[in-house]
Every structure is written in structure tokens, then in C-alpha cells.
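Heads up, the next two complexes both have chain A, just with different partners, chain B and then chain C.
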Partner chain A sequence: MTTTQNISTAAPGVTKPPRRFTFITRSTATLWANWKSRLGLIILACFILVAIFAPLLAPYGASQDGFERNADASAAHWFGTTAAGEDVLSQLIYGSQISVAVGFIAGLLSTIVAMVIGLSWGYIRGFGADVINFIVNLFLVIPGLPLMIVIAAYLQNGGLVMIVAVIVITGWAWGARVLRAQTQTLRSRDFVTAARFSGEPAWRIVFKEILPNMTSIIAGGFFGAATSAILAEAGLEFLGLGDSSIVSWGTILYWAQNSNALLTGQWILLFAPGLCIALLALSLTLINFGVDAISNPRLREGKSR
Partner chain B sequence: MNPILEVKNLSVVYESSGFNALQAVDHVSFALEAGEFVGLVGESGSGKSTLGLAITRLQKSPARTNGGEIFFRGKDIRELDAETLRQQRQGGFAMVLQSGMNALNPVRTIRNHFIDIFRAHGHVGKSGWDARQIDLMEKVGLPKETLARFPGELSGGMRQRVSIALALSLEPQLMVFDEPTTALDVLVQQAIMDTIKSLQKSEGFTAVLVSHDLGVVLESTQRVLVMHEGRIVEDAPSRDILENPQDEYTRMLLSHYADPRAEVVELPGFPDRARRDTGAAARTSGATARDGRSSDSAIVVDHVSKVYPPPRRGEQAVTAVDDVSFTLEPGQSLALVGASGSGKSTIAKLITGIEKPTAGTVTFGQLDVAQLGRRQIRELHKNVQMIFQDPYSALNPLHTVEYTLTRPVVNFGGLRGPAARKRVLELLETVGLAPVEQFAAKLPHQLSGGQRQRVVIARALASNPQVLIADEPVSMLDVSLRAGVLALLEDLREQWGVSMLYITHDLLSARLVTDNIMVLNGGRVVERGNTAQVLQHPEDEYTIRLLDAVPNPARARGAAV
Partner chain C sequence: MVYVLRRIGFFLLTLWAAVTLNFLLPRMMPGSPTDAAIAKLAQNGPVTDATRKAIEAQLGVPDGNILEQYFGYLHQVLTLDFGVSYTFYPQSVSEMIWQAFPYTIVLVGFVTIIAFILGTLIGVLTAWKRNTWLDALPTLSGSFASTFPYFWTALLLLFFAGYVLHLFPTSGAFGPTATPAFTWDFFMDVLYHAALPALTILITSLGGWIIGMRNAMINTLGDDYVTFAEANGLKGRTVAIRYAARNAILPNLTGFGLALGGVVGGSVLVEQVFGYPGIGYLLFNAVIGQDYPLMQALFLMITVSVLIANFLVDIMYGVLDPRTRR
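After this line comes the complex of A and B, so read on.
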């Protein structure tokens, strides 16, 4: 956008509207005004802070063992220790790093894939659209979890990169479908036709004219994708399909299950990571209520009277 | 006599968090006598619809009455609770909405819509349902077979009639019609207004007609309330408004009506076409004549037909355009008029290469429009530009005026950086949006409808086109803004030597800005010739019907005498 920069220097008297900035502040204000999404934002902020400051917060190292095995909760180990003699609280704190990171990275990547495919699919017509339609439908009809398990088993302990890849491969199709529908309604609007008359190439029409009008749907899609990514990541780890040597909430569950924690009375080993996963997913879902309010101003207004 | 509705000092405000409160209705007082037919007129944003919704208690958040009282038969309706309000809908007050035709449930038959109402209110015994339904359908001029149809099978006009019948089924004493015909075709509009008028007489309900069109209102109502910026500026019998308007604003509204059939047609700032001398540069708005470049290529439409495949299997194919030929000479202005479905917009699509003709050829200079590839279409758009009907959807809400105008300048003019910006500011000046730098930085929602349409025109001019295709460029604008936009188009055409195809159903504006006219009906040209001559001495029956449908306050006077 060199053009705009030149312009601002050429005419300093002109006030450019700070539109990107206002959009962000206005969105945040709307999110904050809605109590559900405010709660979600607070919970999410807690998890992110814990993930960032994990080394400071955790009393011990993530895989530091040598403590008493299968110990119950005590002053030294608030949540007890695992069968391998590791501190559960420390594992929980370090585990948040994986969940938050995988959630956001996988969510972001699958949103991007959904965006690129959904928008072009909605804009083009004819044979190309039919081909994309076939591929997307293929991904939609294959049940997600079995496909994930097959891919994960096939890729064999590739670690986090593999898990992210599996989640992205199985998670973009719905988003693409939603964005395609929205693109199709927007493409018949006059301003899109007008852009064609302005000599704009197709990619510019799709990404500069249509895309900015769907920001809130994309944001909603992102939070949805991040939620399912967090759940999928925990699920795969729990099934032992991930790298069981890293510390995440999923692997805590996996090892707790392996050591029959519930039978030995250490319910906290299953309960604590489960609750964390649920809370993190909940926080994103709550934020999505607020995102809905941005895309649909009717939800922003109070009751009629 | 006791007034049926009395409004005292009513104020309605729109409040939503993060925005300034907007006082849409500001201390309005008036009274309606039983059996009166009153018009409520104002331009967009005058608060007329808000007032209409308030007096029927249909307003929704964020609108809120913040003062005043509304007495319906002596009771303040602002204090009714939901259940009393629901019960009084029978024999009380009803409303027919602008989009009333979209208010029908697409998966239920018309009969079911009536039955829902009968069930909810129980004012008609089950044995009387059929008779009552048929009776109501007859009143609004629909055959009784319509009852078995689904809303999707009916035309817009028929659906609006159904929604009037539904409102009537509760025998309301007060009916508010909010722009009941605005979304409809010109010819249908007139028929619906006739139905409303005769119903009002035969049923004897009190009616309020909310409309932006003073012509329509004066033709049908006895008394008119003129609203401007939330206040009622004039309240007088229709005749007085017409013959002796007191308020400045009313006078301004009235001045924008004229009879397209008249010998001399003038609007404010718009002298009659025949009398206008060639020195039109006198009324320019600072437009810069382009350097000797005027259009040199004609658009030739030669025996063109466009047939769309049948909408459903087993139905007939739709012939949108049927063997139409015409030539748009360089510098000429040609009006293409007709009701909706007459094929006039399809012709625009054929000329701009968006659609391909089924038969015949469209040529622009040496280019055969139907044979163009993607790159050549771009070349065509450099010379043939389009002005859209709806300025509210023709501008991307997220881009500034500057961005919108920069794109064609960059794409077609090859200018970059400061040169492109200079050109953008020139364009803004040409369309009369000054101070240019302030307008360049604005987003569409900060502009009025007229200003937006000027931006749309500026964008069309950015590529220095030879031909402008204007598809109903003023039909979405307020009456007071229309003349300005039309004058701008006229100036541009004269100074820049652009040829213009002016597509419209509005014969008055066609008379003002075009030399020649073509009347289309069902895809065929039924009449063509010099605009002034055709409109003064129409020969085809369809042209005459179109002319009769033009709302004209003066004709109302003739009828009243």
C-alpha cells in the first residue's frame, strides 16, 4: 500500500480515518460489553498468562520426577504426584502451554485454509466450483475422529506438528462451507459488480472487497476452530496417538488412565486436566457469543420497550 | 366529534450504546377524526415511519418514546400490556408494512395465514371462515383461488394485497400504511393505491398513509401532515397543501413535481430541455472539460434477443429481450423506459458484457461485445461504465471514498501515488463534492444518499468513459436530491461528450435528461422517438398507462374539482 503512504505525506492536512484501529477498539468494546464474552475473555486471559509464565508459576519442572509416587494432595504437592513421581500441579501448568499453543495455531491454520478455499469457492462458478464442492463434501462426510486416528497412526509420533497437521486437515471443511455461502450472497451485491467495472482482478475483489465484510464470521469461525482443535488435541493425546513424552493435558490424562488413577483414588489426576480443557473450550465459546453480537447488531440491543 | 387518535407532544428517540441518541420524532401533536384518510409525508430520516410505528405500538428497541401521549379512543396506548395490546388488534389499529409482502410465511398457504388470525382472535366462527376469507380476497381484488396458493407463487403486488386483506380481517378502526407501494412496480403501485382508496371509502376505517412521495399522497388523501426532521411542519387539507403551501419545506417538495406530458417541463435548477441554450456551461459546477476527447464510438444493438432457461422444469423459457435494435450515437442520450420485467436492465447487462445475447449482436465501435474475453471486457469497461441504482449497496461500506475512486484510476489510468490522488480529488470536484479532501477521507456511511450517488458517478467517470449506463440512478434518492444528481449527469454529458443510456421507469426524469426515448414492454420496443414528442403525444397504449401512473399532484387537483 505504498500509494496511501505517499498520499499521507503529500497532504498532511488530511485526516485519514483510522478505520482498522476503530474496528478493533469497537469490537473489543462490544465483546467487553457482553457479560458472557467478558467472562470468556477473563478465563482465556488467565490461561494465556499461566501458559506464558509457566516457568515462574510452576513449583517444579514439568517432567521433574523422583518425588514420592502416587502421593495424595499435600502442602508440597497440591494436586499430588503421578505414578512416575511427577508433580501434577506443575504438569498442569506446563500443559497449558501445549493446549493454548496448539489451539491457536491449529485454529488459525484451519481458518486460513477455510478462508482461502471458501472464498474462492464462493466466487468462482462452473467446473472449478464443482471440483471444490466434491473435495469439501468428501471431507465433510468422512467422520472426523476416525480420520484423525488413521492419519495420526499413519504419521506415527510426529509430535505437535503432526497433531496440528491432523487437526487442520480434518477441521477446515465446515468453515469453508460457511464462508462460501456468505461469499455467494456478497458477490451479487452491487459493490462487487462495481469493482469489476473498476477493472479489479478477481483475487482483489475476493480479498479486498468481499473478505473485509465477513470479518466477524471469520473471527467466529476461528474461535470455533480453536475450540475443536483444543478438544481434538487432548483427545488424540489421550488415545496415545501423540507424542506421549511431552507434557500436556492430554498426556496427563493418558498416563492417569494407564496407571488406573481412578482405581487408586487419585481422581484429581483425571479431573484437573479435564476441567482445564473444559474451561478453555468454554472461554472460547463464551467469546463467540460476543462475536455474534458484532456480526448481528440486533443481538446488541436490549429488550424492546 | 371525538378524535379516534390523539397524539400529544410525542417524542421518540433512538438510543443505542456507543452512539449518540437520535431524536427521530420531536414533540409531535396531531389528531385524527374517525373515517379520515390522512397522509404523512417526509423524506428519508424525517421520522415518518418511526411515528407510524409508534402510534401502532410496533416500535422496537432501540427506539423508545421519551415523552408525550398517544390516545386511541381516549385510552393511552403507551400503557397497554402485551396481552391487551394483542387483543385490541382486532377492531383496534393495524399496520401494513412496506415489506409486508415479505411478511408472509413462505411454507404456508394464504388460507392458513387467515386461519391463524381467526384462531388467535376467535372473532369469526369456524363455520364462517371460508365465507370471510373469500369476502376479504374479493375486497382486495384477488380471485378466491389465491387462498390455496403459497406466497412464493404470487407476484409482489398480489402479496401486498394479501397483507392488506390480512390486516383488514381484524376489522381495524385505524390502519397505518407504511409505504405500501414503494417496493412495487409503477403500474402495480397505482392499482394498489386505487384499491386502498376504495377500501377506505367502503370500509370506513381511518387511514394513515406514510409515504415519501407527496404526489401519491396528494392524489389519495384528504389531509396531509408534512414531516421534516422529526417535526410536523405543516398540517393542512390536501387541497390547501397543493394550492397554498405555507411551509418552505412543503413548497420545496412540491416544486419537484411536474407533468412529463406538459409542453414545458422544468424543475428547480433545471430549465426545460428545448429552451436550454447550447451555452450550458453557464450552469456548470466547476467541471473540467476533458481535452478534446469525446466519445467517437457508437453502441449498436442489432436484433438482440435474450432468452433465459425456464425457472423450473416444465415451464416456459423466459424471453427477457425480444428482437431489440437501436444505436446509441456518440454524445447522445437515450432513455430506456418500461415497468419492471420489461427487459431494460437485461439490455444494460448485454451492453456491458455481463450477459451474452441469445441472438443478435451488440457492438461498441469495432468490438463485438458478446465475443470478448476477460481482458477485452476490461478494455470495454474502460469505455463503458455503469451507474448503479442503489447507492447504498454500490459502495463497499468498509472502503473510504478515496480507496473506491483510486482503484479505477490505478487500473485504467495507470496512475500511481500522488498523480492518482490528484485525479481522485479532481473527480470529486467534478461531481461537486467539496471540500474534496474531507470527502476523500469519508466512509460511505458518513455520506447522504445523494452524496453516495455522486461518488458512484465519480467512480464511473474515473476511467474517462465514452458511454455511461445509468440504471435508475435517482430512484432510490429523495425527491429533493434527484434534481441535483440529474443536473450533474446532464452537465457531464454535455461537457465531456459522454453518451448516456438512461434506464428508468420514471418518465419525468427521462423527459429532463434525454433526447430520445425507447419504451419497452415485455422485452419488445413498443414506441420510440424524440423524448418530448413521445411523451406529449404517446401512441402506444402501454406508454399511456406508464404516463398515467406518474404521481402528479396537479392531477389530484383536477380530480378534486
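After this line comes the complex of A and C, so read on.
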């Protein structure tokens, strides 16, 4: 969709250059028009609000213990208490901060890595491209979670910084490949040739001319990377490989399994944190349905061919 | 032929890179197994130099410069000799891996193939019946289920089907009374124990195949030759399956090789929850017990298996798509 923008603005004097924020408002409007991504945006907004206002919303502190242990749901503790006597609802509310932050930061960082590598890889030719091709393919086939587990095992108790780093190291390759394919198709377009003949340096062509035409693909890559980051963080915390003293959805499940919540029958303790992870991941997936429809008109709803 | 040779070349190169990565990984990390062991000992009092030497000898810490270490390591890999496990002493690492390997191969391999076939078929259906409930229902429930964390699906199934309803066993790969043998009873017992882990992987991975096939199929349905086939008055089913689906399946097949890594990773979590004695459960125990030789060898085995699977998919792709054979 930005391609058409570019073409229309290329003709001088016919239209004004689009304002900086036109693109953002227009793409938000497109996402909002698609009911799937609208639902996703609403769910995501709820989680972000809960994460920001966690201290106001939570009835107790995140690690405040001393309540009755393994209690069932009651008026004082809507979701019951953990084996250490903490309030499950408060832990869930505070846990959203970790997942939202990790998803956002790790998703953003791996998108940036994917963007830099994917675009330069798509633009250059020759031996350098072959080398990058090999490295990207290697990272694509190496199973991510086992690699994360091994790295996490070496960096004993590295905490969240370690988890984010591990997710970024293992998670950039897919995005880089998608962006490279798009760069290759754009590289031979007229506006790129024009920029090259007008003497623009290569980095400027790549990041100023080609990049703006791939905004929707980059956005899709970001939501995808954030989804897998949230799932990976929860998985590592669940295995006890992160910092098990922080309160996140993964650690709630880790402590629930270690304190035999399966045997005590506290199904809320098992059900709620996982459902939160799934809903947050779902909201990003739903938004991506809308983003996909922006970058690939054939996937748009309503019209069949 | 050129295609096959190129794939073999790429396979050998990635194999070498994965082996080398596995060699470099522990050497790039801060600290060493010896340091970790000494740090534990140091809590009880000062550690002498002799103790340090003894621990190094016991853990088989490599000596010599990095090249000598590297060739020693390559020799180890080629002879499949990975030393002795710390946590399951005196069993060797290779023994531990060979015991666990069949369970994971059967579980992950079998379920992934079922999920791929089932998901692809449903994907064809959803794209063909686009914008009807036959599209919306599988697409939405599939994409919702694919966001479930593996360990959560596993915990819920274990809790409800195992602990509450007592439909399925709650841990292990076979019952306490069964003895491993090639008999029908033992086979059925293994299947019974594998049901919940398999269902977990199926639920979580099905959605990806549906969405992938749906998107590829919608793209081919928009192509001119499909419109032409329709204009010729061919039956809807013929157009959907023999014209569109046959071409749409190719990108999904590439996805198969790549998704396998994700499924293998997920199986680590699933096996941990169900106490299923496969590679993933072993990896988890190796990490918890800081059993570095076992951990390294397991990671290598997992990576090499995924590489081999990808290689096979590439070869199959060559058979299915004549364009690659030019």
C-alpha cells in the first residue's frame, strides 16, 4: 500500500507529500476495519493497561505471602492462594508486566537485527550474500528452544536480561529471510535505480528508499517475534531456567508444578497463567491477520477474488 | 542431479557448522564446569590447588590449545564417544542418549507427520470455503490453539485427563509392570502412555499448518490458471485439489522442515511435564544437574536430527517440484 503512495508522491506538484503521521493513522484505521485485528488490538490494550496499572489493580503485593496456603477461591482471594501463601490474582496482574515487557523488548530487538541483516542481505550481491545466506539458514534450522536452554544453562540464573538476549540471538533469522525476499523484489524497481543514478549511498538507498515500502512486513515480523518471545520466556521460566524469584506467568506455573498443584487440585493456578499467555499471544496473532491483509491484498476479507 | 548435489553440499556444510557451534558454545560462555563445581565446594571451606586438579581430571576437562581440543572433539563426535554422564554416573552419555532417542523420534516424528497431513487438508478446505463458517471455525480455533504454550496444554491435559478423570497414565513411557520387549501388549502400553503427550503436540502444532496452507492456497486460487480451469467448467473439487492444492503445498512443505525445530523444542517442555523418558526430558535433567557432557551431546543430537529431517524434506521438494531439477 505504501508503494502506491510512493508512486503518487513521485509526480511533482500533483499531490502534497504525505504527512509523517498519515501513515500511522491510516494503517491503524485499516487494522481497525478488520474485525480480527480489532479484537487483537482490544485484547492487547487490556493487557498493556493491566501491566501499567498493576500496583493500582492488584489487591495485594506480588510476593506478599503469609496468607493461608493452597487456599481455594474465596472473596478475599478470587483465584485462591499459592503453596507459599501468596495471592494468585495479584501475581497474575503483576506477571503481565514481565510478559508485556519481554515481548515488546525482545520483539523489537530481534526485528531490528532482522531488518539490518535482511535488508543489507537483499541488497548486496555476490560472495557476501552467500555467506549471510548460510548463516541465516543455519540459525533457521537449529532448534531455538534447545539452544536457548543450553545457553541459559551456561549462564546460570542470568535473569530477564539473559532471557531477552537468548531470545534475540535465536529469533532473528525468520524475519531476516522474509525481509530479504522483499528487498530483492524491490531492488530492481525504477525508484531504486533512480536513487542509485542520482548518487545516493547504498545505506541510504536501503534504509531510506526501500525500507519505507516494507513497513507492513516489518510490523508483521515484529508481532510474530514478540509472540514467540513471550512463549519462549514463559517456557524458560517454566523450566526454572530464568530467575525463579521474580513473579511472571512462567514462574507461577513453575512453582505450581513444583508444589504439586496437580495433586492438590488447584486447577485455577494451572489454568489462569497459561490462559493469560495464550490470550496475549493470540492478540498479537490476531493483529497480524490484519497486517497480513495490508501487505497481501489477496488475504483481505469480504471480496473473493 | 545438480539440485541434489547442492543440497548434499549444504547439508554437510550445516552439519559441520552445527558441530563447530556446539564446540564453541561452552568455550564462549563465562565460567566453566570446574568453576561451578569449585564454587559449590568453596561454600564449605577453602579449595586447594590439588582439589582443583582432581576435579578437572574427574570432569575430563580438555587440555591443549584450542585447535588440539577441536580435533579431539571432532574425533569424539565421529566415534560417538561423549564421555561419562555426571548425573547418571557410571553410564556413558551415548548409552543415555540411545535409551531416550527412540521415544522422542517416534513421538515427535509421528505426531508431526499426522499434524502436517491433517493441517494441510483442513487448510485446503478453509481456503476453498473462504468466508464461510467452514473457514472461520478451523482458522480461528487453530490459531488460538497454536498460541497455547506447550507446557500449559500439557499441564491441563495431564490434570483433567490424567488426575481428575483417570483416563490416561500420568507419567512415564510404559507401565510399571510392563517390560520392554517387541510384543503387542508392550506396544499398546507405550501407545497408551504416549497418547497425552502426542495430543498436546497435535493441538499446538495443527493451527500453523492450517494457516500456512490456507494462505498459500488463497494465493494460488488467485492465479490465472485456476480461473481458466474454472472457466473451462471443471468440477470445483478437481480445481481445488488437482490445480490449486498441488501447487500450494510446496511452500507448506518448506515450512515442515523449519517447523520441526519448533516442535522438537516444544517436546522438551511436553516431555518434562509428562515425565516421558525421551531426549527432551533427558536434556532437562542434564541442565538441572549441570551435566555438561550430556547436555552438549543432546543438543548436538537434536540439531543433527533436525538437519537430517530438513535435508530429507529438501530432497522430497526436489522430487515434487520439477523446476528445482533443471
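General remarks:
We take it that the second predicted complex is superposed on the first by the 279 of 305 C-alpha atoms of A that agree within 3 Å, B and C clash if a C-alpha of one lies under 4 Å from a C-alpha of the other, contacts with A are read in each partner's own complex, and residues count from 1 in each chain.
Here is the rule we use: contacts are C-beta pairs under 8 Å (C-beta built on N, C-alpha and C of every residue); 3 or more make two chains touch, one makes a residue touch a chain.
What you see is a predicted model, and the numbers here were worked out from it, not measured in a lab.
Touch criterion met: A:A29 reaches chain B, while chain C stays clear of it.
Of the two partner chains placed around the shared chain by superposition, chain B is the only one that A:G199 touches, whereas chain C remains out of contact.
Residue contacts after overlaying the shared chain place A:I42 against neither chain B nor chain C. When the two complexes are superposed, the chain touching more residues of chain A, out of chain B and chain C, is C.
When the shared chain is aligned, no partner comes close enough to touch A:V161: not chain B, not chain C.
In the overlay built on the shared chain, the residue A:P212 is in contact with chain B alone; chain C does not reach it. When the two structures are aligned on the shared chain, A:L263 is found in touch with chain C, with no touch to chain B. In the superposed pair of complexes, A:D190 makes contact with chain B only, with no contact to chain C. Overlap of the chain B and chain C interfaces on chain A comprises residues 301-302, 304-305.
For chain C in complex with chain A, the touching residues are 10, 13-14, 17-18, 21, 25-26, 29-31, 36, 130-131, 143-144, 146-153, 155-156, 158-160, 162-164, 170, 215, 218-219, 221-222, 227, 257-258, 260-262, 264-266, 268-269, 272-273, 283-284, 287-288, 290, 295-296, 298-299, 302-303, 306-307, 310. Contacts from chain A toward chain B in the complex involve residues 2-3, 6-7, 10-11, 13-17, 19, 26, 29, 33, 189-191, 193-200, 209, 212-213, 300-305.
Chain B meets chain A in the complex at residues 16-18, 59-62, 64, 352, 354, 378, 381-382, 385-386, 388-390, 393-400, 402, 404, 406-408, 410-412, 416-418, 420-421, 437, 440-443, 456, 459-460, 462-463. Partner chain C is touched in their complex by these residues of chain A: 134, 137-138, 140-156, 174, 227, 231, 234-235, 238-241, 253, 257, 262-263, 265, 267, 270-271, 273-275, 277-279, 281-282, 285-286, 289, 292, 296, 298-299, 301-302, 304-305.
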